[in-house]
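Multiple structures follow.
You will see chain A twice below: alongside chain B first, and alongside chain C after that.
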Partner chain A sequence: MSQPAMINRYRWYELAGIYAGIFVFLSFILAPFVEGFLVSLKPLSLLFSSPYRFWPENGSFEAYRTMWVSVPGFARYIFNSFLVSFIVTAVVLALVVPAAYAFARFRFRGNGALLGAFLAVNMFSGAVLLIPLFRLMRSMGVLNTYFAMIVPGVAFLIPSAIWLLRTYMLRIPRELDEAAFVDGASHFYTLRRVILPIAMPGITVVAITTFIGSYAQQFIFALTFNSKTEYMPLPVGLFAYFGRQEVVWNELMAASFVGIAPAVIVIFFLQRYLVSGLTAGAVKQ
Partner chain B sequence: MSVRRSTVIFAWFLLLPAVLYVTVIVAYPLVDTFILSFTDASLKKTTKWVGTANYDKIFNATFAEVIIRTFVWTAFSVAIKMIIGTFGAVMLNAAVPGRALFRVLTMPPWIVPMAIGIFMWGWMYNGQFGMISGLLQNLGLVSGPVAFLAHGSTAFWATIITDVWIGVPLVTLYMLASMQAIPQDLYEAAWTDGAGRFYRFRRITLPLLVPSMITMSMLSLIATFNSFDIIWILTQGGPNGDTTTMIIDTYRTAIGSKKYGEGAARAVLICIFLSIFCITYFRVTHRLASGESR
Partner chain C sequence: MGQLKLNKVQKFYGTYEVLKSIELEVKNGEFVVFVGPSGCGKSTLLRMIAGLDETTAGDIVIDGKRVNDLPPVKRGIAMVFQSYALYPHMTVFENIAFPLRVEKMAEEKLKAKVEHAARILHLDQRLQQKPGMLSGGQRQRVAIGRAIVREPKIFLFDEPLSNLDAALRADMRIELAKLHRQLRATMIYVTHDQVEAMTMADRIVVLNAGEIAQTGAPLELYHKPANIFVAGFIGHPKMNFLPVTCTGLREDGVEIDYRGQTAVLPVTPRSGMVGRSLTLGVRPEHIQTGSADLTLVINPSVIERLGAHTVAYASLGGEGENYCAMLPGTAVIRAEEQVTTGIRAADGHLFDENGVAFERRVEMTDIDLALFDPAA
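Moving on, here comes the complex of A and B:
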């Protein structure tokens, strides 16, 4: 019984080595955030002075107030990002839940090939297909609307969502479907009343990862298919802090942290789901 | 008989919306790219066939450089991501207090909107006031300010490092999950036989991780080859085209200069490379899966 405990017992120098390794690793991961946060506290005069100083002497949260004044549309950009991500997530779920169920449960000709085709979609990023997508959006008349970001956004998030949810649904025992079927339930009824409730945790994970994916990857479609300020999402809207002469770095960083906050809150509360969800969806990026 | 048929119909009914959507938004544009690449499409109203003229035009020394640069950039980025990511996973796999927190702290670069992380790196690379140049000067390692994004060779590496930073969390979490899937009794058996920690790592962990490493490298290769946001925000392909990869080059031609036809020809070449990677990936994962006798 004590074996697993014994095997995991570290000598002090092993422990020191591991913590040193973790420290170096996390320093690389977190350095930009630390630096970005310190920059948001520094007044511009201190930022643009040499020699470089790491700590913000007479730092303040002033930039977190002025950022709303110098770019009045900022709240709108956050709202846009949320709105786009929310609709994208809803559409992806509506398309993916039935498809994942079909892949998980039914054997039909072309099953494997179709699943492979979906996965192949992952390999082509939106960047490669921008030209025809631009023409397609133009002929659909959705350039410079929310749909210009939503329509292509959905397509590139479908494959990993299908993959993730299918894996989850494969784990639901088949006997449940069969029992319902024997009782005379239709396929549709079985899906709605038996499978959906059991698959809810899996659907939640897919919803979270899709939302985050959409929130994180709006840049290229928004940059190319939308030029209206009122529809700009956060990543593009942040360019408003790039003035004609110089970048208002402290406000840009403050705005970045305000924009990050929703994602950080999500990580904090849902990290348990996230780790399994993100790695199972490793097909994504 | 009819039950079986109704089942198949039901399956297709469930699949149809997703299939139609992806066909219109991804498959059709793929075909359209191919067709456009043989035309002189631009902002003009009329478009005419130009045969292979677009392809003839791009096969020159400059474009060959772009292709080579793309492969070098991608290769370094993937290799560094795999090394740092696997290192992180090995560290975070150790049963030490605080590891749950450390794992959460690994995620931000991937979860935060990419543009924001890239802005932060943009500031850190700033020569006059940025952290990297500043710290190097304070430590006396360099004598004057180093503007990392203003010189070709440093900009090349700077964009790679930022790409690595964004890609590492996924590699770490994936490798971590693979490590935890290794049966614990293998370690216990080795431990009972008196094998030390390093020996167990070298003889059990590493060999069993190889399939995951191959899978992850392939996935990372495809994602990295497609990398756009990082280079576009940091350097827009400059200075002097020293960070211009195939994606950036395509974007500049197609969206920047509005030469859709020429841009499409470049996109077709990217698609060909991606297809090769994709087929290789499916082959490799298939072989790995059958090797596991599943």
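Moving on, here comes the complex of A and C:
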């Protein structure tokens, strides 16, 4: 039967409405990407010609070559972005996995209050705390280091990661812990051999959101806590294409796409672990 | 050896007393079933023996050693959970091997033990599969395998069959009974299903509201329930209870009156009972058509024909008590048509106002020779 189930059947005008809605929202999301890509293909002179043309005439990938020449440090910026996000993600995971396990499994004094506090911290955006953080960093003497960009990133990403992973771990049946305990396994052994493998999809989600979150928020910390060009991450580095006289739009767009590419690759790699149904057969549901 | 002794074991959740001073001794190799309605504390008691729940007061003694403060693995117990609790990411082999891996057992020895357990449980063909690919019965066998490899002194089962369908449950019951004979290990088994209790147990412990209502062999509980709770709990359909009055104590039993009919029940009399209102208990399967020592004319509202039996449900007049009779499959009986049923005095159970039974004069050896034959 190729017919969809009764509950999934729609009339033609319902289908038309659904696709129209999808088209409208998708075009809002994707149009900037399309336009950005087309701009990156055009020679700079064509960008300001009037009438404006969407389709690039004699378009080429020239900007993707010249961008490396006009901003020689660009590779370094990508590397910085990656390094910061990578370390932030690693540190967050190392801290959050045991913490989420503890919040999901143990009852200890103040666990509710702590979780509430994490949620509350989440409501402050990092920007609100920039000035106090700046003073703190200055008095610690860590301004203009990677450290200054990594630590606040970690701190602001931990609360949501704990909430996310705790919820996932709550869904793992407690009997699995008890069975392992009866068989003599310690809490850490249980975490490593039983809980971690089962929680892998949840951990992957946390890793992806943390990586993206760090990629997105790092420019705030980079702008405030860092003035050294060689430590600048990608979003700040893009400003290098803003010249004194003109903005090199086509190279800027090309650089944006090149800068995003590694993150996209990482996420594609990680989503392999997003398999659902890993707990199938653990307990009778 | 797997000897268990519970000495005045108590459990409180806050101020709520879940278990009230439980005293029990389990002999080595015995198959003991804890049975009772939900909320009676049977699972809690098992989890306390396992070491998963704290014991508020009293001693849990295994092989002469107080184990209250020992973790499960040092108590020499293994537990099978109701929900199987298998590790979904590991193969059957790794699931069974898990306790041995924790012990860091050498690979060769481990392999031999796992394969031995798998053979006992007919899982040899499944060792490389993941639990998700197994049926419910196979999953439960894997869970049992994980318990077997540890070679524990005492096996604890927490309602292991209640997630299986009826046919599979019957098969697993038989397999578990065989396994018990094969391993000769002490087993403690929690269930709310009295069929499981009756068929598998050497001894049944009936729990009610945190107390042991009665301990005894299955047929002992059936024929000589110590109180009205056990009488009502063991047996299906449930025992009928009729309000009667004691009219006299005699050498051969207690004379009772039920709505003008008198009968003498062969139970051990107790003085001072004359004139008191008592409860007469009769099992539905002991009710026959036609008159007997007590005769009741009923007007059945529902008839269930099960083939082997016919079950008739009726209401007995004003009190609104229900009356259930289990008659032969061929009984000539129709709903809403009067029928005469009879109760033999010898089949009756008698309880006082507190629900405590009068001891029936039934020789258990007449019912089950095995009870008095230690070799069996």
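Keep this in mind: the second predicted complex is superposed on the first by the 256 of 285 C-alpha atoms of A that agree within 3 Å, B and C clash if a C-alpha of one lies under 4 Å from a C-alpha of the other, contacts with A are read in each partner's own complex, and residues count from 1 in each chain.
FYI, a residue touches a chain if its C-beta (ideal position, glycine included) is under 8 Å from a C-beta of that chain, and two chains touch if they have at least 3 such contacts.
All figures in this text were calculated on a predicted structure; none of them were measured in a lab.
J.: Who touches more of chain A, chain B or chain C?
T.: After superposition, B is the partner touching more of chain A.
J.: State whether A:Val154 touches chain B only (first), chain C only (second), both chains, or neither.
T.: A:Val154 sits against chain B, while chain C stays out of touch.
J.: Pick one for A:Tyr13: touches chain B only (first), chain C only (second), both, or neither.
T.: neither
J.: Considering only the touch criterion stated at the top, classify A:Ile198 as touching first (chain B), second (chain C), both, or neither.
T.: second
J.: Under the stated touch criterion, which partner chain does A:Ala185 make contact with: chain B (first), chain C (second), both, or neither?
T.: second
J.: Between chain B (first) and chain C (second), which, if any, makes contact with A:Trp55: first, second, both or neither?
T.: Neither partner.
J.: Going by the contact definition given at the top, which residues of chain A touch chain B in one complex and chain C in the other?
T.: After superposing on chain A, chain A residues 278-279, 282-283 contact both chain B and chain C.
J.: So in the complex, which bits of chain B are touching chain A?
T.: 6-8, 10-12, 14-15, 17-19, 21-22, 24-26, 28-30, 32-33, 36, 84, 87-88, 90-92, 94-96, 102-117, 119-121, 123-124, 128-131, 133-135, 137-138, 145, 165, 167-170, 173-174, 176-177, 184, 187-188, 191, 197, 216, 219, 222-223, 226, 228-229, 247, 250-251, 254-255, 260, 263-264, 267, 270-271, 274-275, 277-278, 281-282
J.: What part of chain A is in contact with chain C in the complex they form?
T.: Touching chain C: residues 173, 175-176, 178-185, 189, 193-194, 197-198, 277-284 of chain A.
J.: Quick one: which bits of chain C touch chain A in the complex? Just the residue numbers, please.
T.: 50-52, 71-73, 77-79, 81-89, 98-99, 101-103, 130-134, 136, 139, 146, 150, 163
J.: For the complex, give me every residue of chain A touching chain B.
T.: 3-4, 6-8, 10, 14-15, 18-19, 21-22, 25-26, 28-33, 35-36, 39, 47-54, 81, 94-96, 98-99, 101-103, 105-106, 108, 114, 116, 118-125, 127-136, 151-152, 154-156, 158-159, 162, 187-188, 191, 212, 215-220, 224, 234-236, 238, 249, 252-253, 256, 259-260, 263-264, 266-268, 271, 274-276, 278-279, 282-283, 285
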